[in-house]
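Chain lettering (A, B, C and D) follows the sequence in which the chains are written, and residue indices restart at 1 in each chain.
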Amino acid sequence: MITQEKYRTTVKELLANGSIKMAIGYRPGSTSDRRRPLFIRTSEEADQLVLDSTCITNLSGYLVTEGLLSDEKRVGIFLRPEGIRSINILAAEYQLNVDQIIIFGFDFTGREVRALQGQTTGDFSALLSEIRENPPLATKEPLLERIEKMNAKERFDFWQQEFSRCIKCYACRQACPMCYCRRCIVDSNQPQWVNTSSHTLGNFEWNVVRAFHLSGRCVQCGNCDRACPVNIPLRLINQRMAKEVVDGFDHFAGLSPTQEPVLASFKKDDTETFIL
Amino acid sequence: MTETIHNAQPNIYKPAIMKIVGRHDEAPGVRTMRLEFQNPADHEQFKKTFRTGMFGLYGVYGEGESTFCVASPETRKEYIECTFRQSGRVTSALANADIGDLVTFRGPYGNRFPIEEFHGKNLLFISGGIALPPTRSVIWSCLDQREKFGKVTIVYGARTVADLVYKHELDEWQERADVDLVLTVDPGGESPDWKYRVGFVPTVLEEAAPSPDNCIAVICGPPIMIKFTLISLKKLGFDEKNVYTTLENRMKCGVGKCGRCNVGSVYVCKEGPVFTAEEVSRMPAADL
Amino acid sequence: MTRILFSDKLDNCVAKWRSAGLTVIGPVQGESLSSYATVERGTDLHLGLVLPDRSLKELFFPQTEPMLRYTIKKNEIETADFTAPSAPRIIFGARPCDASGLAIDDPLFGWDYKDEYWFQRRKESVIVTIACTKADDFCMCTSLKLAPDSTKGADVLLRPLDKNRGWLVEELTERGREAFVIISEYLQEGSETALPTVEVPEKFNLDACVTWLQNPENFDSKFWKEISMRCIGCASCTYLCPTCHCFDIQDEGDTYSGIRRKNWDSCSFALFTMHTSGHNPRSTQSARWRQRIMHKFNYFPGKFSVNSCSGCGRCSRQCPVDMGITETLQEISKL
Amino acid sequence: MSEPFEPKIVAFVCTYCTYAGADLAGTSRLKYAPNVRIVRLPCTGRISPMFILKALQKGADGVLVSGCHPGDCHFTHGNYHARRRWMVFRALLDFTGISPERVIFSWISAAEGSKFADLINSVTEDIRKLGPFDQYQQLIKETESPATL
């Protein structure tokens, strides 16, 4: 509660003195456990701001909305550590200029919300390194371990089962801050790489392609997983791929805005045990 | 809303097979193809239903279907002509098809130009660039029964001389005494030997100043040209009810189901594509 | 005196229907998702769900459906039709909102050109709805002038008795009567009273909203931009909607053989209306959300005299950013 | 159906090394299994994982990807980029249940004609032993659209 009040005041001040043109935060949703994204442009709107342990959506995707940052003005945004990492990746991929972003960091343990100290991405680098060393316990998934133990056939069947529910609504893509492409690979039809139909093959291809495109970029904010209307455990694939790039290339996505994207860089001594 | 059921096929998504019997390059990337029905039943259905202004879905199996107008007039129903610009997946496949190849056609769909109502009236056709094909269907439908109409004026413009389509027919219309053809290209688009006008269509139209008395105008062109031409026509004194245009939206089904061609409450595929300027003015401008 | 179907007879009924050649379909709670699915026993049905996650629409208009198979030979093209599978079925325990969704889409699939894929399935399905005694925060049928015991689109309506003992049977159509003749031996005459249906509070004033929507001035209202600012265009609302019917036609295969499919599509996608030239009539998310609302409550009723919304509330329930028809119409009511 | 199973393998190779190596195998009259359809690309850096998915979509039983040895790339480091991508993609396929034995990567230089022939032979044999890629072919079958490889 104190954090929320403090931030309301901060946002009002920054809006009043023109430091930011807008702040992106949360407000109450249609039920008590839901929060809606809120775009604060006035002091009245700032009064609607809420900050509690139900504010889980990663809002950073809104920053790449067409035209939002093109006027060079600054925008404030409420982010948890994953969100800060997404901002770093977006900056590293030249999708936004970090100088235009004021971060209102927060995190929670249980229902206790606390503010994170800092305003620009640089202020949080120590925190992010800390997270890298000691990932929160929540990232351990029993299901993931179960899948790892399966053989190829069982894994294939497991994922077929999951993907068979996919309806190709692309909510995962739309909810993902990293999926900012103007034209997604499924939208280009010359050639049509991925079947657009939502049969098992098309669903499989789509989910594999998306997972590949997020390898080394996903920060596990869980937006895709929550957005999926048919509850496919998308986070598992992305977690697995994140582990792969950490193990293989020592790359923890989103540490800093100048971090080189993992699949657009290389080391001459990268492992190649699998290459004949 | 009409309640007639006119399915030729029980499966409304099944196209007719067409053979390409002729093709002609009109302008860079723009091609006209003449298609003939392979199945007499499909041809009979087409003959029964086709009127000028209607459109169809031309397709290549394996690539998909694409919507454009039937460019041939209702007075010549032995074949279908279509003119398209090669730009997407389907039009590229169509452009790669050779004479003798088979393609598909679904249609004709939509409403039509009520040309019986034009009898005895003067006609003014205004068109820009690749939008001449739908107008051409009406022009020939009228010229093939020339005696029924009054004065015929055609104003046609394109960005450059090369972009003018149906050049051979433009020559023919130029030579006809009973057709008044005003040709223009945008400033900078003229070639050294260009002997006609230079200027944008609305400007040229105002210079030509056709009389609005007893006159029907048919305009077709890119949205921006239509917008300014309508202003010019208003200045010349045309009543919106006497101005016809066609809207071409993205379509997939052509039969009012797939939901993408709506402009406001209007299903372009079923209530259009032909509208009077008055009807268009009632549509939400932001949705056009 | 009314006829009663007691719950303990449900298993027998399902067996009976199945032996009469009907596929029995009903709400089923899967491991992580509930939907309408084929069942073999009455006990497989999960009739206690407020509403399955996925709508009834997909049994009539599947997310992807083959339409044509083409084979291209040297001088000819062979086209073979796919027809909707012919299998008589009974859908037991559909919610009244889902059933009305089907009735709402009937005129659309039938005007001028009749979509046989839809009507073939419609013809062969008996829909048995159960009046709702439970609702959640998102249910809004009453706001749409429907009710938890609406009979629209249903062939038989069942009204639950207390303690899950069974249902009062109200046969509404000939088709429904025929399906219940099959199981007549398990029906009993009785004079029980059904549980009252759930009170679903009215969330907005539909008439006021429609009047506002019909006013051409409001088409360009600032409201649309404000309300849809947080929309991420994910289309889950349209895909789960029991009445959204937009689709795409796609070819799969190569130059020699392949198939043409009808796939779900959504007005939330930018590409939905994009012209080849690059011009897009609905180029912003606010224009697309406006289209969705206008289409459901202004254009569609203008054509077919019925709102294209049955009040199931799935759009709000599943929205990742907590938007939905309810909120939009509530806000319009306030204007 | 009594015909013995012949695996269909699609090979994506770079034009400067592996394709030249294949050429050398040919001009040296080395015999190798005819089960491979070679697709030549400018560089391994151009070989997108999409290609591998497309090959599987069209009914391949195995996919071979091959290019210049590290350090030999005509474009100086296309193969280094490719190497990272493959590693990630291979892990992804493995995690989603496509056995890594069906997607094989190798470095073959222009001078290694015999390595090329040997590799093709051994890969063909390995995939023959694995049998047809039934799991994926089942998916293709469900689409109603034919596998056209």
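We take it that a contact is a pair of C-beta atoms (placed from the backbone, for glycine too) under 8 Å apart; a residue touches a chain by one contact, two chains touch by 3 or more.
Model, not experiment: these values are computed from the prediction.
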Q: Tell me which of C-D and A-B has more C-beta pairs in contact.
A: C-D
(Q) As a quick test, compute the distance in whole Å between the mean CA positions of chain C and chain D. (A) 46
Q | Distance from the mean Cα position of chain B to that of chain A, given in whole angstrom | A | 48
Q | Intercentroid distance (Cα basis), chain C paired with chain B, Å | A | 39
Q. By residue number and range, which residues of chain C touch two or more other chains?
A. 248, 250, 252-254, 258
Q.
Please output the residue numbers of chain D that touch at least 2 other chains, ranges allowed.
A. 143
**Q.** Residues within chain A bordering two or more other chains
**A.** 195, 197, 199, 202
Q.
Once the touch criterion is applied, which pairs of chains come out as touching?
A. A-B, A-C, A-D, B-C, C-D
Q: Mind listing the chain C positions that touch chain D in their complex?
A: 66, 69, 82, 252-254, 256-259
Q.
Could you list, by residue number, the parts of chain B that touch chain C in their complex?
A. 1-7, 10-15, 17, 38, 61-66, 85, 87-88, 91, 102, 104, 222-223, 248-250, 252-253, 255-265, 267, 270, 282, 284, 286-288
(Q) With touch defined as at the start, can you tell me which chain A residues reach chain C in the complex? (A) 29-31, 34-37, 39, 57, 61-62, 165, 167-171, 173-175, 187, 195-199, 202, 223, 226-227, 229-231, 233
Q) Which bits of chain D are touching chain A when the two form their complex? A) 49-50, 53-54, 57, 70-71, 77, 80-81, 83-100, 104-107, 119, 135, 139-140, 142-143
Q) Which bits of chain C are touching chain B when the two form their complex? A) 67-68, 70, 72, 75-77, 79, 81, 83, 108-109, 111-116, 216, 219-220, 245-251, 253-255, 258, 260, 262, 265, 267, 272-277, 279, 281-282, 287, 291, 294-295, 298-299, 302-303
